[in-house]
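Next come two complexes built around subunit A: one with subunit B, the other with subunit C.
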Partner chain A sequence: MTATTIASALDAPTRTALAGFLLAMADDEFVIGFSDSEWTGIAPILEEDVAMSSIAQDELGHARALYELLAGLLDDGRDADALAYDREPEAYRHARLLDHGRGDWAMTIARRFLYDTADAARLASIGAGWPPLAELVAKIRREERYHAMHALAWVDRLARAGGEARARFVAALDELARDAPSVLATPGGEAALLEAGILGRSMAAAFDAWRSDVAGVLRPLMIPLALEPAADAARHRAAPSDDFRWLWGEFTSVRRSEPGATW
Partner chain B sequence: MSPAVAPPRPDEEAIRDALRGVADPEIPAVSIVDLGMVERIEVGPDRIEVELLPTFVGCPAQELIRSTVIDALAPFGRPTVVGYSFRVPWTSDRITATGRANLTAAGFAPPAEPGDVRCPRCGSGVVVRDSYFGPTQCRSLWYCRDCRQPFEAFKPI
Partner chain C sequence: MTDDLDQIARMLDEGAPVTPGEPPAGVLEPWEVFRQEKDGDAMRHGGNVLAPDAELALHYARELFGRRGESIRLWVVRRADIHVLEDLDLLQPPLDRSFKKPGGYVMRDKLAAARGRAGTSKPGARAASHGGTGRRSEGER
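Entry: the complex of A and B
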């Protein structure tokens, strides 16, 4: 059964809420995937060059699968590529956390750690209410496990290294702390998503689980980090950052150079 | 003149056999059947449907595998429709015994929990993982302390 036929069973408010939720999740995966792919060729060591490229490839694959579900749900003639590439920078709905550029290696690891753990809490919140999403998420979670192990190994390494490595990592966490909770901001129409069983728990509950996961990692490393729930309206920035505008220019450049080209 | 007669309806096993000739281009030693990617084959009166499970959501080989399957089933004389689905998650447990043997013969350690990984060249268990991530999404990097060779292992997933 296609996403379109299954979607026809949902009432209008639920479809609207689901479309918003899918777009936010797809944009998150797309933006961090593209941003991390910037390390290809220039990561600190060869193994990390390979790892970051592989992780980025996973994330872009997740984004594509989510955009495909969204395309079926919207059924407005746009395919996954059109959804991914044919929007102005202001129309992307990625979380504020991902409006921060990749920065240096410590910033990249801090961003990955905060995003991977928050995304895991979000994925764990998906219920069985809409089978196409539940099935995809079951598959994605198996892959994300590797991303989490990678991020945690680096958090440990940087934090225990002391000196400049630890200082840069802690500074990066501090810089991101305010925006990190945006990944788990309450989505529009959450009540409808909960009612339909598309979400099994609220994003507020996911936030609590995430905050305790993060504390469980950072406390033994003696890194205090205050995370406060994001205000509902604060998931994405109305005016995207310069970092994101630059990234948008990069990831849309081929598409814009020859609209509609295939190969 | 007799009317054109459709070729006889092939049975599922004949199609499965034909699919044993289709490999993931990134692991040519193992067929998509032995990888456990073929979830369902359905032979209808006018077409063949094949449901495949992607090994990884973003595996870039999906389109190439789709067209290779269509070519491989062309001799059956009816159109083939290939669909990818996540109805059942693909896991590395779906790789058959033949698939595992072929992986080892091709120099890849088959999927195993970290303590059970063996060097595909010398069989030693004195191995260390260099990285969770390798040259493709489904492989990780290892090093054998006995024969002192790097190797790749299929990720358990």
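Entry: the complex of A and C
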């Protein structure tokens, strides 16, 4: 059964809520995947270059799979590429956390750590209510487990290294703390998603779990970090950041160079 | 120009001194990677990665030797923990030790020489009756 036929079993408000939720998740994975892929060729060492590039590719793969589900759900002729590339910067729904650029290595690791742990809490919240998503999430979680291990290995090293490494890492966490909770902002129509079993728990519950996960990692490293729940509309922004506008220019440049071309 | 060189020399002096022995934490060193391609295969040397410790060495080994599903098991071993037999001459026996090889003695030339001395011909098919039944031996006669 295709996503389209399964989607027809959902009522209109649930379908709308699901589309918004899928778009937000797909945009998150797409933006962090593309942004981290900028380390290809310039990561601290060759091995890390391969690792970071491979993780970034994984995220782009997750984004594609999520955009494909969304395309089936919308069923309006737009495919995954059209959803990923053919929008103005204002129409992206990625979390504010990902409005921050990759920065230096400490910033990249801080952003990855906060995102991966929040994403894990979000994925753990997805129920069996819509089988195409539940099946995809089971696969994504197997890969995200490795991403989290990789991020944690670096968190530990930067924090315990002391000196400049720790200082830069702590500064990056502080800079991101305000926007990180936006990954788990309450999505529009959450009640319908909970009702349909597409979500097994609210994003507010996911946020509480995430905050204690983060504290569990940072407390032994003696890094205090205050995380407050995001406002419900945290993904809707008047204007995206300059960092994101620049990134958007990069990731759409080839597509825009020849509209309608088949790649 | 001289100022530039002085500045570079000062920068080099400021770097951490290189000390032999156990590398300090966070310093990259080579790790040898062993991989198993399928269940039942031996672990075979795949290559190596540079990493500061075993945890990251395993991460990098997974990326370089496992991300395409080409390995079902990976080991990493710190290269410094591998002990090398230095005297390679010990691996080259100076006398004929062919009897230690899995194939045993090479008998063909020695047998041919013995037959030559005895004036007998090659026994041919009789050799094949060695493990056979008595009846079959009679039949051959």
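In this section, the second predicted complex is superposed on the first by the 261 of 263 C-alpha atoms of A that agree within 3 Å, B and C clash if a C-alpha of one lies under 4 Å from a C-alpha of the other, contacts with A are read in each partner's own complex, and residues count from 1 in each chain.
In this text, a residue touches a chain if its C-beta (ideal position, glycine included) is under 8 Å from a C-beta of that chain, and two chains touch if they have at least 3 such contacts.
Everything numeric here is computed off the predicted structure, so don't read it as measured data.
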Clash or fit, subunit B versus subunit C on superposed subunit A: clash
Partner chain(s) touched by A:Ala231 [first = subunit B, second = subunit C, both, neither]: neither
Which superposed partner A:His150 touches (first subunit B, second subunit C, both, neither): both
Touched partner set for A:Ala204, first subunit B, second subunit C, both or neither: neither
In the superposition, subunit B vs subunit C on subunit A residues touched: B
Touching partner for A:Val50 - first (subunit B), second (subunit C), both, neither: both
Which of subunit B and subunit C A:Ala91 touches, first, second, both or neither: neither
Superposition clash, subunit C against subunit B - the stretch among 37-45, 91-99 or 127-135 that is involved: 37-45
Contacts on subunit A seen with subunit B and repeated with subunit C across the two complexes: 47, 50-51, 54, 146, 149-150
Complex contacts: residues of subunit A adjacent to subunit C: 45-48, 50-51, 54, 146, 149-150, 153, 157, 161
Of subunit C, residues touching subunit A in the complex: 26, 28, 49-52, 55-56, 59-60, 62-64, 67
Subunit B residues touching subunit A - in the complex, by the definition given at the top: 54, 56-60, 85-87, 89-91, 130-137, 141, 155, 157
Complex interface listing, subunit A residues touching subunit B: 47, 50-51, 53-55, 57-62, 64-65, 132, 135-136, 138-140, 142-143, 145-146, 149-150
